[in-house]
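Structure provided below as structure tokens; questions to follow.
Going by the order they are written in, the chains are A, B, C and D; count residues from 1 in each one.
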Amino acid sequence: MPYPRFKELKPAYGFDDVAIAPGRITVNPEMVDISVKIEGVKLPVPFLASAMDAVVSPGFAVKMHDLGGLAVLNLDGLQTRYEDTEHLFMEIAETPQDKATAFLQKVYATPVREELIGLRVQQIKKGGATCAVSVIPANTKRVAPVAVEAGADLVFVQSTVTTARHVSKSVRGLIFSELRQNVKAPIVVGNTVSYDVTIELMEQGVSGVLVGVGPGAACTSREVLGIGVPQVTATIDCAAARDEYFRRTGRYVPIITDGGLRTGGDVCKAIVAGADAVMLGTPFAQAEEAPGRGYNWGMATPHDSLPRGTRIKVGTKAPLKTILHGPSHLTDGTQNLAGAVKISMGMVGAMNLTEMHDAEMIIAPSIKTEGKIFQMRGLGS
Amino acid sequence: MPYPRFKELKPAYGFDDVAIAPGRITVNPEMVDISVKIEGVKLPVPFLASAMDAVVSPGFAVKMHDLGGLAVLNLDGLQTRYEDTEHLFMEIAETPQDKATAFLQKVYATPVREELIGLRVQQIKKGGATCAVSVIPANTKRVAPVAVEAGADLVFVQSTVTTARHVSKSVRGLIFSELRQNVKAPIVVGNTVSYDVTIELMEQGVSGVLVGVGPGAACTSREVLGIGVPQVTATIDCAAARDEYFRRTGRYVPIITDGGLRTGGDVCKAIVAGADAVMLGTPFAQAEEAPGRGYNWGMATPHDSLPRGTRIKVGTKAPLKTILHGPSHLTDGTQNLAGAVKISMGMVGAMNLTEMHDAEMIIAPSIKTEGKIFQMRGLGS
Amino acid sequence: MPYPRFKELKPAYGFDDVAIAPGRITVNPEMVDISVKIEGVKLPVPFLASAMDAVVSPGFAVKMHDLGGLAVLNLDGLQTRYEDTEHLFMEIAETPQDKATAFLQKVYATPVREELIGLRVQQIKKGGATCAVSVIPANTKRVAPVAVEAGADLVFVQSTVTTARHVSKSVRGLIFSELRQNVKAPIVVGNTVSYDVTIELMEQGVSGVLVGVGPGAACTSREVLGIGVPQVTATIDCAAARDEYFRRTGRYVPIITDGGLRTGGDVCKAIVAGADAVMLGTPFAQAEEAPGRGYNWGMATPHDSLPRGTRIKVGTKAPLKTILHGPSHLTDGTQNLAGAVKISMGMVGAMNLTEMHDAEMIIAPSIKTEGKIFQMRGLGS
Amino acid sequence: MPYPRFKELKPAYGFDDVAIAPGRITVNPEMVDISVKIEGVKLPVPFLASAMDAVVSPGFAVKMHDLGGLAVLNLDGLQTRYEDTEHLFMEIAETPQDKATAFLQKVYATPVREELIGLRVQQIKKGGATCAVSVIPANTKRVAPVAVEAGADLVFVQSTVTTARHVSKSVRGLIFSELRQNVKAPIVVGNTVSYDVTIELMEQGVSGVLVGVGPGAACTSREVLGIGVPQVTATIDCAAARDEYFRRTGRYVPIITDGGLRTGGDVCKAIVAGADAVMLGTPFAQAEEAPGRGYNWGMATPHDSLPRGTRIKVGTKAPLKTILHGPSHLTDGTQNLAGAVKISMGMVGAMNLTEMHDAEMIIAPSIKTEGKIFQMRGLGS
């Protein structure tokens, strides 16, 4: 670039900015395969539940497994701080809104009890389910081996922004290639949104990459820190890295789009953008089986001096089975998410998720309204 | 494209994103020819009424014919399930809103009676009108010959997304080139939004192509499946296919933009984008002659596990004659649709629809508001 | 362009889409010259009042002249249908809203009386003002000579869309080069929005061109006919034609941006886009001197079958002097329009309107809200 | 450019149009250096308080200094017109809204008393703080030496639009190179938004440049004058000038983005766009220590015939310390502004502000809403 140099800005797109174009052939949705593999773990449906306390309990994880997906249990939350979470969650739900933040701050002040880590893992395994757990980078070396020892099948190491190199005065950054040798389980790492970081994480041997930093136009991280990348662009960039890494090495490392997905349409767009799977929080917090009882909250923060998450009423909408597999009674795209993926793939003519990555996507802003009539007809199957 | 490969997104535009620029000459609207031909069938005005139960009855089809347009009768709806639709439609209109969906689901559960197919076709023919009928792909081979036998002049085969090739385990896909040989009537097929599919359908011998999949920013198919293409871009792409097919073969196959059109302005933009005709639902459901009595609904769905359409109150606004030919008492563009096309063509200097295809169109978002004054003056004719 | 051919769409911009960038030098606003010349007629301030009945009466035209601008009298409206307009306008203002349209349709049904044309022209001339009159193309050959005979200094020939060539079965189109020979006064013609038409009109000898067709995002012509071009792009295109025509011939024909201007900011943007003058309706209808008494309406329509304009309450805001020259008591940009142009030119460093045409303009959407604080300081003069 | 010439428009972006992308490495926020130097004056945190009467009093300036930032005292406002401002500000706050404008116009009619200039400077210096004062160009030659004599460390010369050359009949424009020789203190000049003007001001020897003219989409200068440039683009352009000037001369002159910043996110974006520091008004008017007592107003105007600023209720939100350094009790980005910059830099992997200039920024419109949940996790520090 010649002098003078002006900073250049690249356009980025989110779910509401794009739409999928139908394909050249159509496929009967019943023939479509939507399974995904994270190293040795195969999921019949490519849906993960976020490691949020209000979303995933051991019981929820078993239910999610039975329905073909995977729920990730937060090992830094209430499940490992309290033995009797049943009453605790009830109390949280019953606390008046004006006292909720203070109450949450209090219950999270209790320290994590190491013995509960094994207990939670075993509860999930006893239910016959794949056990996935989530740890924060600072605790990973200590907590991850304990969880794997107890039977955890997958370890998620998650922070708001993850890179392969962290600079710190006090602590030596987590080196995933070392971690992989000490922990005998596949490691999924995130979150990132960039091509370079995704390549570097894969080169360090991780088994999956979580995509998504400040994805929404109204995200707290955007307001407070200015940081955030809309999910379609983030997924496209990380998918390019996955494909390039696969081309160079022959190892296929799935990427999981995490955050900002609300509807079946969002999920389909994430997959067309290149996602191998998706991770959802609030849509699953609305399941009857979710421990949050119609509420959701985020407790962890990037820094002590920033405020902790607030309790949000999300409502209880339907059984998890309905949310994932229908039948749907609503036209807003929040139910039968797996069915929506299959039907969308049918219209696009994709037999599996990899073929869905090749579908055409257009820039076409959508407006979420209600009450519009649109005639849809049978696919001719 | 070099490695790494990043998915590219193409911008797409809808009616509210564009406007027509006036031309280099002006023409007296009285001199303008807006007729269109679908194989042997010539329509004085390029307007089709959607094959929706709340829009087209045999009586409505006759009225539409008398006014120069063409109404398409749905052979998979109430007209072929019940002999006395008069009372049925009255009952639908009188059902309270909270019971409407359940009631509609009940009345559509009744099976189609084959003998009613012939009856409806004959009612339209007896009225002296061109008879166009609509069938879903799965029923086409069985139903289409019956309708044509009874006198149907045109067969529309419609599904949400149509391609020339459908992959299915159980059923052999519909091959339009075979169908064309078995059914002695022009076949209009849709819906599609792509250049490739339009070319392929035309190569299979169809007589017209319907353009439009999830056209609106608030379409259910966008929310639920992520799929949809704004109509201006869809029409431009399919028109390019039509023109290319004509260049190669000398056969001109009209394309019909179907869905998302509300105003005269939308219709004019569709034509400038390349449409030979337009198909409207709700604007005609608002006619006094529409069987829906001020309501509209879509019953068919792409999959059993997704919810069926809801009854929407659209209101009864004016006689069909006023909607098509005016005089208009409103400035919102919902009346005198054919007149609007002629005046718009006059300003653009187009003598017929083909010349209107060459008008200039610009990207200029419109906002639908009310009460703005704008001075319009005589064209000097 | 190779086959296949896809229609291309050009982006277009309106006042709310752009902003002016300050210049490399600043100028004391008192030193700025904002005068403009339309053939022999020099205007100290580049403001014209639209030929609308609710805006311009003979008395208003005299006042406008005294303040440095030019008001155009509509010769096809109430002033030439009624001798006593005083009472008529009072009656219009006093008619309840639900009966206003019917009443207006009735009063406009009265035919134009040729003797009133001369009377109105003489009233303006007696006031010592430049007299500009507006006629519709169909009446031009008959009415224009009468008006010029009576003393009119400028003739405006206006229709929604004007071109140099009009195709009609019944009437021979108006040829401006012929008209110019028969009418001994400068002729200003419009409206147009295109480079080609502007060049052609100038080649026919017109003395000015009005720019603007369906400029607003909410214009009736956009809703009804799909036609309209945002004013910044329209002005840029027509200004390019003016400059090119001047380069070829040495004759400088001013262009006047007409329609869609509300604030001083809009006026400044029109000038930077290339306008030599601006024509405003509603902002002047809000003057205490406007005959509409706080109302505005448009009666003429492009076709009989489309509805006639409605009466809009615009309110009476301030004396015309305040609107044009301040001092302003508001921060919404609706007062001191000429002062705003001078201050803006000072910030841009333009000594006259031609230099203002060279200012930099950026794409930067504006949102019209209220109550935002922004610190503005003296220009250091 | 060949003939004909069409004016070209360049896209411009504001804070709500962009977002920062996280970097390839992450850094522990505690290791980050956010200090900035304006010639000899070093600020631990890159925050300046606007020279507005409702924001900066001598007491506020001392407090700001103690917290690491710099407050600029307005020498053309109430502090130099009245000795007892305590009671005056109380009266302003207690005046009913409908009488506020008149009251403000009255109190600003009192002339500036030269002896109060020295008094205010000494009050700040006695508090142990760096003293920065603001003067308007017309008064600079007279007032600046008095202030510097009394001990002022920095002189800000501010007008809405500043260039290196001002054309005026009556007054000789301010030449900054001459001024620099007569005033023995660093001079910071503004506002500008252009590459050329920034280069020219730096060539005249100024010590800092203020960036920002009509930055907001709803700015008065946009409505009234059409003038304004969104801050991200303005900052990018002026930063390119600063870097180019530094490349040519080796002298680094900081640029300060002034106006339109509301949240920590806005501040981070300004820095990534190239700002060395930021200047805020309203966010500091909301401090408990601000003299405005929950109100803000702008009195100066670019021209006498335009209206003077109105009093706006901004509310009193928190102590200045909380606004700058937290801890934050809100998630809207209005508190802990300096902390937000550090955390954002940690996510981007920038060790200091210069490295932050190299971060990636994307075009991604943000919508300011409330109540959205977004899970943020520890940075692993």
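Just so it is clear, a contact is a pair of C-beta atoms (placed from the backbone, for glycine too) under 8 Å apart; a residue touches a chain by one contact, two chains touch by 3 or more.
Note that the coordinates shown come from a computational prediction; the quantities given were computed from them, not determined experimentally.
Asker: How many steps does it take, at the fewest, to get from subunit B to subunit D if each step moves to a chain that touches the one before?
Answerer: Step count on the best path from subunit B to subunit D: 2.
Asker: For the homomeric pair subunit A and subunit B, should the interface be classed as same or different, according to whether the shared residue numbers exceed half of all numbers used?
Answerer: Different residues, largely: of all residue numbers at this interface, under half are found in both copies.
Asker: Hey, what angle do you get rotating subunit B onto subunit C on C-alpha, to the nearest 5 degrees?
Answerer: It is a rotation of 90 degrees, to the nearest 5.
Asker: Tell me, please, which chain's centre (mean of its C-alpha atoms) is farthest from the centre of subunit D?
Answerer: B
Asker: If you average the CA atoms of subunit A and of subunit D, how far apart do the two points sit, in angstrom?
Answerer: 40
Asker: Centre to centre, by mean C-alpha position, how many angstrom separate subunit A and subunit C?
Answerer: 57
Asker: Out of subunit A, which residues touch more than one other chain, so two or more?
Answerer: In subunit A, residues 13 touch at least two other chains, as defined above.
Asker: Could you tell me which shape the graph of touching chains takes: line, ring, star, complete or other?
Answerer: Per interface graph, the chains form a ring.
Asker: Just spell out which pairs of chains touch, all of them.
Answerer: Those chain pairs satisfying the definition are A-B, A-D, B-C, C-D.
Asker: Quick one: which bits of subunit C touch subunit B in the complex? Just the residue numbers, please.
Answerer: By the definition above, subunit C touches subunit B via 3-7, 9-14, 50, 52, 136-138, 158-171, 173-174, 192-194, 196-197, 200, 213-214, 216-230, 233, 259, 281-282, 296-298, 300-307, 309-310, 312, 314.
Asker: Would you tell me which residues of subunit C are touching subunit D in their complex?
Answerer: Of all residues in subunit C, those touching subunit D are 13, 18-31, 195, 232, 236-237, 239-241, 243-244, 247, 263-269, 272-274, 325-333, 336, 339-340, 343-344, 346-349, 351, 357, 360-381.
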